[in-house]
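Same chain, two partners: chain A is paired with chain B first, then with chain C.
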Partner chain A sequence: MTRKISITFLLLIFLQPLLVLLYLSFSTQWHYPSLFAHPFTTQHWQTLLSESSALIKSIGISIMISTLVSFVATGMGFFISRGIAYYTKSRWWLTSAYFPYVIAPVVLAVMLNFYFLKMGLTGTFAGILLAQLLITIPYSVIFFHSFWSSTILEREYLVATLGGNFMTSLRHAILPSAKGLLVVCYFQCYLISWFEYGLTQYIGVGKVETLTILVYRYISEANPYLAALAGLLLLIPPLVLLFVNRSFFIQNVWKS
Partner chain B sequence: MLKNTVIRRSLAGLFLLLCALPVVLAMGYAALYSVGLTGLQSDGFMLQHWATLFQGEFLSSFLYSLWIAGASSALALATALAALFTLRKELTDKRVYRMLFLPLTVPPVVIGFVIYQLFSGGGILSRVSYQSGLIDQISHFPEFVHDAYGVGIILAHLFIGFPFFLILLLNLYQQNNLDELEITAASLGAGRKDILLRVHLPVLLKGIFPVVSLYTIFFMGAYEIPLILGQSSPQMFTILILEKLQRYSLSDIPVAYAMALFYAIICIGTLSWLMMQYKKRWN
Partner chain C sequence: MIEVRQIKKAFNDEEVLRDVSFKLRENETLSVLGASGSGKSTLLKIIAGLLDGYSGTILVNGKAIDDVKPKNRGTVYIYQQPLLFPHLNVEQNIAFGLTIRDRENSFIQEETGRMIAELQLQGQEHKYPHQLSGGQQQRVSFGRAFIIRPEMLLLDEPFASLDPSTRRDMQILFKEIAQKEGITSLFVTHDLKEALITGDRFGMMSAGKLRVFDDKESFIKDSESGVQEEIQFWKEIQNH
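Up next is the complex of A and B:
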């Protein structure tokens, strides 16, 4: 009985963010010390439907950035990791892939901003894409490194012995085995990009308003209702992914 | 053969360009700026900014960040271990296990916001305390956010770290067949306390140590959560770096770069040390 209560308590704690965000997104004029004795409204949700809504724009920007970043990072990480796994012997190659990933993104952004300024990328969509790729590509390289085992190499040799080139080997030997991992890596990169705030804010100087930027803007404008709504929208893709497959959330790189 | 060499070189080049070069360039620029060899107030080589780094503001901010990161990791690990030993059977239930992934779907900026809404003076807990007669003024509610000990930040980190550590511990428990080891130890006469201290804990702590170390670094470099829940002085040093860079005082910029570089060196140093320690496992 005590154990069941403990599990229920844990579940309640885990659900708290969702419940608090839902509650606030339907609230207005929530003055202290009221808990329930304030008006409830759907007006914040209605702003989502208006054409000029900042939320809609920022959802679009976030989806675009995360989709592009995860697509490029997964593709490049996949092939670069093959090079690292097959053609290098020192483990420092792979260790160095961890470096951009362990340094706090916002600190990396601070140190790299000079180059972004010189290239005219600060405050631009392309700048944010590039900045996020600098974190997600190393992640993807680390993710795929263990995939390139001797079994895969032997399959590649087999295709080559039978007269196939690299593309044939890719289509018939590599991709069928890597399909699942590619999907997981794509969504993990998607989530890294979707959750990113510090680096995006610093390189984007607030001009490219992703959903995380908008949440913080609403918080600093002391508008908890819209912040809650934007926060809820931020939760949708990860919750959907969790529903589909929980492996999208386990960071395999730290398990190795 | 030639084709292979070209592929090898281009892949290595791509790796260097996209993974290693940005870090080298970033740290190089920060190093040059911090010793006065570049930047708006560049005045020739000097170590003045490094010499003053470990005094006053940065030192207190660094120690504060260490406290927050250490306390967050220790608390998250302790609660995860406690949950593992008390609720392990329930946690292996598929539905309950899936529930552990829920907190991982919440971005740090949202966690910060929710903790603020729950624990601040005007937050939900304060309102509940007022309505239930526990306090009669908003000022009587204890400070959990923007406080000296970073309670709010630690709670937010706990929310992220606890389920992640618990998932890893559950996997480690299974991978290392700790149930069977427990039976063997018991048949050799070990008591519950011995099994816990000499079998379970050493295996689990050894397995989770690298992840906890990395999480401690992550917590030290946290940005969004301390931005929402942190106090104004001392601050977590990511916040301090940003504040120094965005202030109008140009003399603060080299100090900010020195701080950023120092933090990057700590991260890289710790990671390299961990990699060397776990060389055998790596191979």
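Up next is the complex of A and C:
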């Protein structure tokens, strides 16, 4: 009984901000000292569903960027970390992967801005992709580095002596053990990309409007109702991804 | 016939193997005894083609294989851990080497069935590695290696993680199957008894040097092999 009450209490604490956002998204005015907003309207949601909605476009852009970034970062980080673990002796390679986080992504953007301008990538979709990869690939490298243990290497060697090539090794010796971690890393990179603001704003110069950028814009325009709606939308894809992969998070990952 | 000629290997400035040479006839097991860090595993890895940057040469039937990739060398490396593929069942694990060679299904089934019977694994065919005991897992690992009929089997303390009783059973089983299948093998261990049970000939590895004894008699008599010490120990126990 106590456990049920505790869980309900915790759920309420977690859901309370979301409920406030949901409530605000149906409002246009809420002035002190009124307890409830007035009028209660579906106006923002109707605008959202209209074809020319900026929100719909930004959702599309955000999903595309995050999907591509997380896919490429997970794949590249996986193989780069293998190279670092097996073929380098210096710790410098791994240490350098911490660089974007030590100096903060937005400072990195300031440092790289010159090169992005020279390459004509500032304010473009490709520029945002590249900028976000510069922080997610190092993250993925750090994430996978400890995966490449002596057991994985021995299994790769074993496959080689049994007559297999690298693809056989990947299929039978590496991926079955890495499956859970790959899903988790993809999810984490997706979140990093999805909620990334500073770097995206700086390199995108407001031309590429991701959902996160839009939320901040609404907030800075003092439009809490649209910001609430955009904030809610911002939470949907990560929650869907979490729900789809719940078996990995709840079973496989914790068990291993 | 496998011949290893004057293999030298160093890691940085540390010499790990010093002029290691030996010959291994077909269907013969050379048991190499040595302490940890004596260079046994390095020697096996070099023969398997998993380590390069060495001097000397390895010949199989008179042909140098130093530049041949591990997958084409015809040697299979067996580790202390069975390293079974967790997503494959017993049958699929054993058949692995034949499957990746695209052999015919009927041949794979026939060979796998025969190997399962030899390894006394009947009834376990559809179990996954996590459902097997340590001894059963190592049997599957042996089956996976035997089934492709390698030129040479390289065994790196394969029974070290098993309990004494299972270990003894596995030593005997290995000997029986190796003889029956005509397998040539290099068996590395630090267990004297294991070396005596599994080997046809014997070697002692110490500080990167290998000394090979041609028969059991000379190995037993040699003061450095440790056999005399062992005999003395048991005699003293008996007398007290």
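Going forward, the second predicted complex is superposed on the first by the 220 of 256 C-alpha atoms of A that agree within 3 Å, B and C clash if a C-alpha of one lies under 4 Å from a C-alpha of the other, contacts with A are read in each partner's own complex, and residues count from 1 in each chain.
Here is the rule we use: contacts are C-beta pairs under 8 Å (C-beta built on N, C-alpha and C of every residue); 3 or more make two chains touch, one makes a residue touch a chain.
If you're wondering where the values come from, they're calculated on a predicted model, not measured in any experiment.
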Chain B versus chain C as contact partner of A:Leu11, first or second or both or neither = first
Regarding the shared-chain residue A:Ala160, is it in contact with chain B (first), chain C (second), both, or neither?
-> second
With the two complexes superposed on chain A, say which partner A:His145 touches: chain B (first), chain C (second), both, or neither.
-> neither
Taking the superposition as given, does A:Val215 touch the first partner, chain B, the second, chain C, both, or neither?
-> first
Which partner, once the models are overlaid, touches more of chain A's residues, chain C or chain B?
-> B
Could you say whether A:Ala173 touches chain B, chain C, both of them, or neither, answering first, second, both or neither?
-> second
So, A:His44: does it touch chain B (first), chain C (second), both, or neither?
-> neither
Touching chain C in the complex, chain A uses residues 151, 154-155, 157-158, 160-165, 168, 172-173, 176-177
The answer for chain B against chain A in the complex is residues 7-8, 11-12, 14-15, 18-20, 22-23, 25-27, 29-30, 83, 86-87, 89-90, 96, 98-111, 113-114, 116-118, 122, 124, 126-128, 130-131, 138, 159, 163, 167-168, 171, 210-211, 214, 217-218, 220-224, 227-228, 238, 241-242, 245, 256-257, 260-261, 263-264, 267-268, 270-272, 275, 279, 282-283
Chain B-touching residues of chain A, taken from the complex the two chains share | 3-4, 6-7, 10-11, 13-17, 20-21, 24, 32-35, 76, 79-80, 82-84, 87-88, 91, 93, 95-100, 102-108, 110-112, 114-115, 133-134, 137-138, 141, 194-195, 197-198, 202, 212, 215-216, 219, 224, 227-228, 231, 234-235, 238-239, 241-242, 246, 249-250, 254-256
What residues of chain C sit close enough to touch chain A in their complex?
-> 45, 48-50, 69-73, 75-77, 79, 81, 83, 85-88, 96-97, 100-101, 144-145, 148, 154
